[in-house]
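What follows is a set of structures to go through.
In what comes next, chain A is part of two complexes: it sits with chain B in the first one and with chain C in the second one.
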Partner chain A sequence: MAIAAFITKRLIQGVFTVWFIATATFFAMHNVPGDPLLNERAMTEAIRANVEAKYGLDKPLGTQYLIYLSNLTRGDFGISFTQENRQVNDIIREHFPVSAILGVLAVLFAAVGGILWGALTALYRNRIPDYLIMFFVILGISVPSFVIAALGQLVIVNMNSALGITLFPVAGWGTLGHMLVPSMVLGLGTMAYLTRLMRSSMLEIVSSDYVRTAKAKGLPPARIFAKHQLRNAILPVITVLGPAIAAITTGGFVVELVFAIPGLGRYFVQAVQQLDYTVIMGTTVFYGAFLVFMVIFVDVLYGLIDPRVRMS
Partner chain B sequence: MAESDQISTDDSYASEAGRQLAFYAVFAILLLGIVIYGLSFVVKLTGGGASGKAVDFENNSITISVAYDPPQLDSMRATDASSFLVLAHVLEGLISNDEDNNLAPGVAERWEIREDGAIFWLRDDAMWSDGKSVTAHDFEFAWKRVVDPKTASEYAFLLFPVRNAEAITEGQMPVSSLGVTAVSDRELRVEFERPTPYFEKLVAFVTYFPAREDFVNSTDGRYASSADTMLYNGPYTVDEWVLGASMRWSKNPYYWNDNKGFLDEINVAYITTDVNAKLNLFKDGQITDTALSASMLPEAMERRWQIDRLMDGTVFFMEFNHRDGRLTNNRNFRRALQLAQDPAELVYKVLKEAAYVPADSLFPSWVRGAEDFLHNEYPPHRSETDIALAREHLELARDELGLTEFPPIVILTGDSSMGLLTAEYYQELYKRNLGLEIRIDAQIFKQRLAKMTSGDFDIVMAGWGPDYDDALTFGDLFSSWNLNNRGRYSSSEMDAQVRIAQAELDPVKRAAAFGEIQRLVHDDVVIIPMYERGVAFVVDPQLVGFRRRSVGPEVDYNYVQLTPLRKP
Partner chain C sequence: MPNGHAYDFSPLRRTEISQSQSRPSLSYWQDAWIRLKANTRALISLYLLIGLLIFTLFGPLLWNIDPAAQDLDQISRPPGEDRRALIVPEYSPWTGSASDLEVGSGQGLRLIGEATTQSIRLGWDPTDTVTGYRVYRNIYPIGQERAYGIPRAEFFDSRIVNFEDRLDLKEGIYYFTVVPMKGKEQLLDLTETLAVEVKRVTTVREANQKGLIGLTEELGVGDFIDLAFHPLGTDYLGRDMLARLMAGARVSLFIGIGAPLFFVTFGILFGATAGFLGGKTDQVMMRFADFIVALPFLLFMILFKIAFGIGPGESGIGPMLVALVVLMWPATARLVRGQILQIREQGYISASQLLGGKTLYLILRHMLPNTLGVVLVTLTFAIPSAIFTEAFLSFIGMGVAPPTPSWGSMSNEGIKTMLTTPHELIFPAVLISVTVLAFNLLGDGLRDALDARMRNQE
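Now for the complex of A and B:
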C-alpha cells in the first residue's frame, strides 16, 4: 500500500514538473532572439501574414500559451514549422523508437560494463588490471563523444577495407549490425563513469562493518562478495542509472549524426537551431516527461532492491 | 583504511570473488546477447534503407545519401534544397533542363513567349504515375494554389510575372483572376503582368510544377507528406519514404522521355549532414558520390580518385547597410573599404577551400548573357588593392561625415566557422590597412536574418543563390522594391536598369542592362563581392551521366546510367 501511495505522490509531482518545463520552455523559446518565420527569401507582408495566421502566431502570446496548454492536455503537439505536413506527434512516434533502441542498448552496455569493470578494479585494487582499466576509464570520461564516434566509424571503414567485406555497416539503420557500434560509442562515456562509481562504492563497502562481520563469521568469499559487497555496491549505480538512461536516450544527437541514424536527437537539435517552435516544445516536453518518469522508475526500483528504502 | 587494505589485498578473497564475478559476467553477456537479438527484430520495424552497395548492377540501382530529409514534397510550397533535389527527380514542369543545362521540352512539347503572355502546347504522352494524362488543367490548378493566400506559399513571389498574382496573394483579388487558363487539355495560356522574356526559365522551376486537383483534394490537406499522398510525373516515383530515415525512388513506368530515368531504383539510404560520415560511406562503397572538403583532398588524391568541382551557384559578399544615418551610407567610406581588400587573398590564403573562387561581381561566373557567359560579354571590374587611395577616400568620408574619429563598425555574420573566419579576416585587415575598429556580431541563422531585415548592422556577410537560371535572379537583388535588398540600397539608375532587365525582349539589350547593373554595383560599392562557393566532389566511376548543377537540384541522377569498369 505504502508503495502505491509513494508512486502516486511522485507521479503528481512529476506532472507538476512537466507543466513547469512546458511553461518555462514556452516563454524562454519565445524570447530567443530571431524570427522563426524568416527565411533566406524575404516574404511580402501579405504572404507573411498568411503564414503567421496558419501557425496562430498572429495571436497574443498569452492566448498562444493557453491554446498550447489545452492542446497539450489532449496530447497534441501541433504541426512542425519547418516540416509543414508533419505532426510533431508523428515525428516523436516515428523517431523516438530509434533513439530508444539505441539508448537501451547503450545503457545496457554501460551498466553491464560499468558494474563488471568496476567490481573487477575494486577486487584488484592497485594492481595491473585496476591501473589498466582506470586508464581507459579516464579516457572514456574525458574524450567527447563526437571524437569517439568519428574514431569508431574510421575503425569500421579501415577494418572493412582490410577484410574486403562489410563486417559492420559504416552508417545507416535497419539491422543488428547497424546498432552495435553506435550504441557502444554512445554508452562508452556512461560506462566509464559507472565503472568509477562502482569501484569507489565497492571499496567503501569492503571496509564496512557488516562485511567484516561476515568475514569474521567465516562465510565463503564468493558469498560475501555476491550477497554483501556487490549487492550493496550496486545501489549508487542504480541511482544514477535513471538520469543516465534519459541522458543517453536524449543525448544521442552526435552519434545519430555521424552514423546517419534516424533518431529523435536530430530533430531536437535542429528544431532549436531553426526556431521550430512546435518541435522544440514537443521534444522538450516529451523528453522532460521521459526524464521525470525515469527518475520515478528508478526510485521504485531502488525500493525493490534495497529493503531499507521500502521500510522508510 | 588499513582494514580495507587488509581485505582487498587478501589474495584468496580476490580470486574467489573474481570467480564469482566471472560467473556473473558470463551471465550478463548472455543476457545482453538475448536482448540484442530481440532488439534486432524491433529495429527492422523502425526503418532504414541501407543496402550495402553503392552500385548494384543486378538490380540496376544505386544508393545515395542526402543531407536532410525533405520537410515535405509539396512542389507548390517547397522552399529548401532537399525538397528541390527530390522533386527534380519525381516531377516535371512544362520545361525541363537537359544534361548540359539547356532548356529542353518537358511536359510542354513547344511553347511561345510573347510580350503579353505565353502559350504552352502539352504533349499527349505525359502521364501521372496512376496512368492518367497530365493536362493543362493540372498546371492551372497548381499555379492558382501557389498564389492562394490560404496556401501561404513562401515562394509565391516567383509567380508574380503572371497577371494578378501579386494582388491575389495580398487578398485583393480572387484566385480565379490569375492570368492562366487551360484552353483545352493540351493548351495552356498565360497572361503576363509585365513583359517577362525569361518566363521559360521560371517555368522550369519547382514552384511552377503541376498537381492534379482531384488528387490533391483527396489527400485531406496532407498532400505530398508521404509517398502515397503524392502523384508523380517525373522519371522516378517515390515508392517508399520512411520519414527522416530513408527513401526509395523507382523508375516511373508512365514517364514519356526515354532519355531520362535509366535506373530501376535509387535508394536514399543515409540522411546526414556529416561530411566525414559521407566520405566514410563512400570509401566503404556504400554511396555513389560525396562532396569533399579541403581537408579531405590529400587523401582523395592519394587514392587517385577523380575529383571534380562545380560552382554551387551561390555568391558571397559583404553587403552594406545603406540606410540613412549609417556610416556605410557614405560612398567614399564604402570605396575605402573596397580598395583596401582583395578577395583573392581571402579565398587562397584564408579560406583555402579548393573549389571556392574569388568573386569580382554580383553575377557569378556561370551566369549567361546574350550569347556567351555574362562575364565574357561584360568583364567585371577586377579588384585592385590600393591602400593609399583607400586612405584618401577614408579622409574624404571623414570630412563629409564631420567626424574626428570613426566609431566601431559592426560586421554581422553567421555562427559557422567559415562566417567567423571571414569576419575575423576583415576585422584584422581593416584595422591594419585603414585603422578602423571592427566589431563582429556573430548570430544564429534566424537571428542574423532578423537583424538583416531590421537593419541592425553596418556590414553583413551575405550570400545569394539562384532561384532560376537567368541573370535576373541576381540582377534584381538591389532594386529598391526587392525585399531581399536588406541593406536598403536605393538608386533610380539601378531601378531603371532592373526594369529594362525585367522586360526587355531583345537579349542583347537585356544583357547590356545586366552589364550596367554589374558596373553600378561596383562603382557605387553596393556590395563587396568575396567569393563564389564551389564544391569539390567525387563520383563512383561506374556512374555515367551524373550531374551537379548550379541552379535547380544540386545533384541530378536523372541521366545516370551504370557501366561496369573496364578491366585494365
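Now for the complex of A and C:
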C-alpha cells in the first residue's frame, strides 16, 4: 500500500472516531439528570422560555445536535456555565500550552530514561544493575500516579526544609523549577513500561544474526551497541509512544491537581466535578481529537520508519 | 549375512521392556502448576493475594466496626497513639463569677481551672481604656507575622474579661490570644498570648454511651479509661481506618476482579465467534472492536460516569463496572480471535472433524480450552489495570460516591492531610500498590508457566 493511501485511510478513521466522541459527549451530557437552569432563582415560565430560547435549549434535540456539530466544525466550543463570559476556546488556548509543556517534558523524560535504562538492563542481563533497575520498574508500574505525585511533593518539602532554601517550589507554575519534578513524576510510570519493553527488545536483538556477524567482523562493542543494537531495539518502543502519550495526558489530570498546575487537565477535572457542561463537552472533544490524532501520527511515523507495518 | 547373528532375529522375551516412560505423563495444567511453583515471586504473590481476599471477606467478621461510624474523640489519629482519657464530672455551665476570676490579682491572661477537651476557661485583666476584646485561638505558636489563628469571640464591653472555649477541642497545645479593641480597631501592642495544654477527658455518661466501660467495671471521676481502639488509627472524620480499608478492599477488588471477569468472558465469546466464522462477519466484527480500542479510554470512563450520574444513596459501583466492561473487552476479543485462527489450522482440528466432530463440539472441546492459558494471563494483567482505573477515577472524584470507601477515594482524602497525618494516605496507597504489584508478578509467572510463546526472556 502506498504511504499516501495509508495516511489517508488512517485520517478518515480518525475523523470518524472524533465525530463519534463528539456525538457520544453530546448525548451523554444531554442524559445528565437536572438542567442548567435548575438553580436559578425567580424563574417564572416566561423567563425560563426566554433563557431557553437564548441558549437554543427550546429547539428539538436533533436541531440542537446539528447546531452543536456545526459549531464544532467551526472550532467554537461555546461559553462556560460556571465561569461567566469565559469562552471554552479561551480556556483551552490559555491552559493547554501549560499541559503541553508538562506532557512534552514528561514524554522526553520517559523516552530517554526508558531507552537508556532498558538498554542498560539488557547489557547487564542477570547481574546486579539489571535486578536493581527491574525492581524499580516493577515498583513504577505498580504504584499509582497520585501516590508518586504525593511522594514527589513530600520529597520536595523535606528537601527544602533540610536545605533551608526553596530548591524546587512545592506547587505552582512558571519557572523551570516548577516544571522539573511534576514532569518527572508524570513520566515515571511510562518510563517503567518503556524500560521493560526496551529490555526485551534489546535481548531479542543481542541473539540476532546480524549482531553475530558484526561481532565476527571484529567491530568494537561500543559501535555494535550504538549502531546495530540500540537503533533496531528502539523501533518497537515507538509503537507504544501513542498509548504512552495518552497515558501521560490523562495522568496529567492527577499531577496537575496535586501540584496545583494551571493546566487544561486540572480545568477538565474541575469542570467534571462542577458539572460545567460546555467546558466538559469542549475539553472532552478537544482531548479526544488530540489523543486520536496523536496515535495516528505515531502509527504513520512507524509506518514511515518500518515499511513492514504498512504492508500488512 | 555380514555381522549378523542369529539372536538378532529371535523374538524378544516378555520381561524386556521395549519402551519406557522416564517421567509420568503430565497434563497441560499439571505442567503449568509445576512451573508456577518453581517461580518464587509468583508464588509469594499468589499467597499474598489469597491473604488479601481472606482479609477482605472475613476481616469484617472479626473486626466488626461500622466503617461509616465516627469517633469524634479521635480524629486523624495515627495508629499506636496513647488513648487514655481522664474521667471528669459532667459539664456544668460557667458564669465567670468574680471569685473564680480573682479580679484584680494582676495575673494577666490566665487559665481558670484545668484545660480539658471538655472546656477551656480563660480570664484576663480589664483595661479601662479599651472598648472590648477579641479572642483568637491557634494550634501553632504566634510568630512575628502575628497569625493569631481563628477568631473565637468578640466582646464589645471592656468589663467582660472571661471566655470559655468548648469548640472542637483536642488534646495538645493551643495558643490563645486576647486582643483589646478600641472601636473596631485592634490595639496590637496590648495583646497577650497564653499557651494552654489540653488534657483529654471524658465523662462516665459518654463512656457508657460508647460502650467503653465493661458491665462489671466501676469507674468514677478521676479514673483513667482507654478510648475506643483503632488498630490503624482514624481518618479526618474519626472513622476507623482498618474497617474502612476492609470495606474499601471489597469495592476495589470487586471492581478490579469483577469487571475483568465480565469483559474477558465477553471478549472470548466475541473473539471466538469472529475467528471461527471468518470472512465478512469476522471483518465487520473486528472493525467494531478496532473502533472501540481507538476511543480514549479514561475520557469515556469519565463521560460514562457523568451520563449515568449517581443518585442519592447509591455507591456508583454498578455504572463503573458497566463502563469498564463496555470499554475493555476488545483487547481480549482480538487475542482470542488470533488464537482461534491459529488453532483452526492445526492437525487435531482436522482429525476431530474427520472423526465427525460438529462445529459447537470443536469450539467447546478443542478451541476454547486451548486458548484458556492465554486468556488467564490476560485476565491477570487486566485486574491491576482495572484496580488502577478505579483508583484513578475515585481520586479525581469520579469514582464511587462517599461514604462508600474505596482505596482510591481514601487516598484522595488522605492526600489533603499528607503532611500532618500521613497514615491516612499511606495505608490505602500501600494496599493499592501491593495488590497491583502482586497481580503483576503473578501475571508474569502465569505467562511463563502457561504460554511458551509469550514467555518472558530471562
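We adopt the following convention: the second predicted complex is superposed on the first by the 263 of 312 C-alpha atoms of A that agree within 3 Å, B and C clash if a C-alpha of one lies under 4 Å from a C-alpha of the other, contacts with A are read in each partner's own complex, and residues count from 1 in each chain.
In this section, a residue touches a chain if its C-beta (ideal position, glycine included) is under 8 Å from a C-beta of that chain, and two chains touch if they have at least 3 such contacts.
The shown structure was predicted, so the numbers you read here are calculated from the model rather than taken from an experiment.
Once chain A of one complex is fitted onto chain A of the other, the partner contacts of A:211 are limited to chain B, with no touch recorded for chain C. Once the two complexes are laid over each other on the shared chain, residue contacts for A:304 go to neither chain B nor chain C. Of the two partner chains placed around the shared chain by superposition, chain B and chain C are both touched by A:157.
Contacts of A:273 after superposition on the shared chain: both chain B and chain C are touched.
In the superposition on chain A, contact of A:203 is made with both chain B and chain C.
Of the two partner chains, chain B is the only one touched by A:123; chain C is not.
Contacts of A:90 after superposition: chain B is touched, whereas chain C is not reached. Applying the stated contact rule after C-alpha superposition, one finds that A:11 touches neither chain B nor chain C. More residues of chain A lie in touch with B than with the remaining chain of the pair chain B and chain C.
Once the two complexes are overlaid on the shared chain, A:50 sits against chain B while remaining clear of chain C. Residue overlap on chain A between the chain B contacts of one complex and the chain C contacts of the other covers 33, 150, 153-154, 157, 203, 257-258, 273, 275. Chain A meets chain C in the complex at residues 13-14, 17, 20-21, 24-25, 27-29, 31-33, 126, 138-139, 141-147, 150, 153-154, 157, 200, 203-204, 246, 250, 253-254, 257-258, 269, 272-273, 275, 280, 284, 287-288, 291-292, 295.
Chain contact summary for the complex, chain A toward chain B: residues 33-36, 38-44, 46-47, 50-51, 53-54, 80, 82-86, 90-91, 94-95, 97-98, 101, 104-105, 108-109, 112, 115-116, 119-120, 122-125, 150, 153-154, 156-157, 160-161, 166, 169-176, 178-180, 203, 206-207, 211-212, 215, 220-222, 224-226, 229-230, 257-260, 262, 266-267, 273-275. Across the interface of their complex, chain A is touched by residues 1, 3-4, 7-9, 12-14, 16-21, 24-25, 28-29, 31-32, 35-37, 39-40, 42-50, 52, 65, 71-72, 74, 77, 79, 149-157, 166, 169-171, 222-225, 242-246, 269-274, 276-277, 280-281, 283-286, 443-447, 449-450, 453, 467, 482-484, 486 of chain B. By the touch rule above, chain C contacts chain A in their complex via residues 291, 294-300, 302-304, 306-309, 311, 384, 388, 391-392, 395-398, 408, 411-412, 415, 418-419, 422, 425, 429, 432-434, 436-437, 440-441, 456-458.
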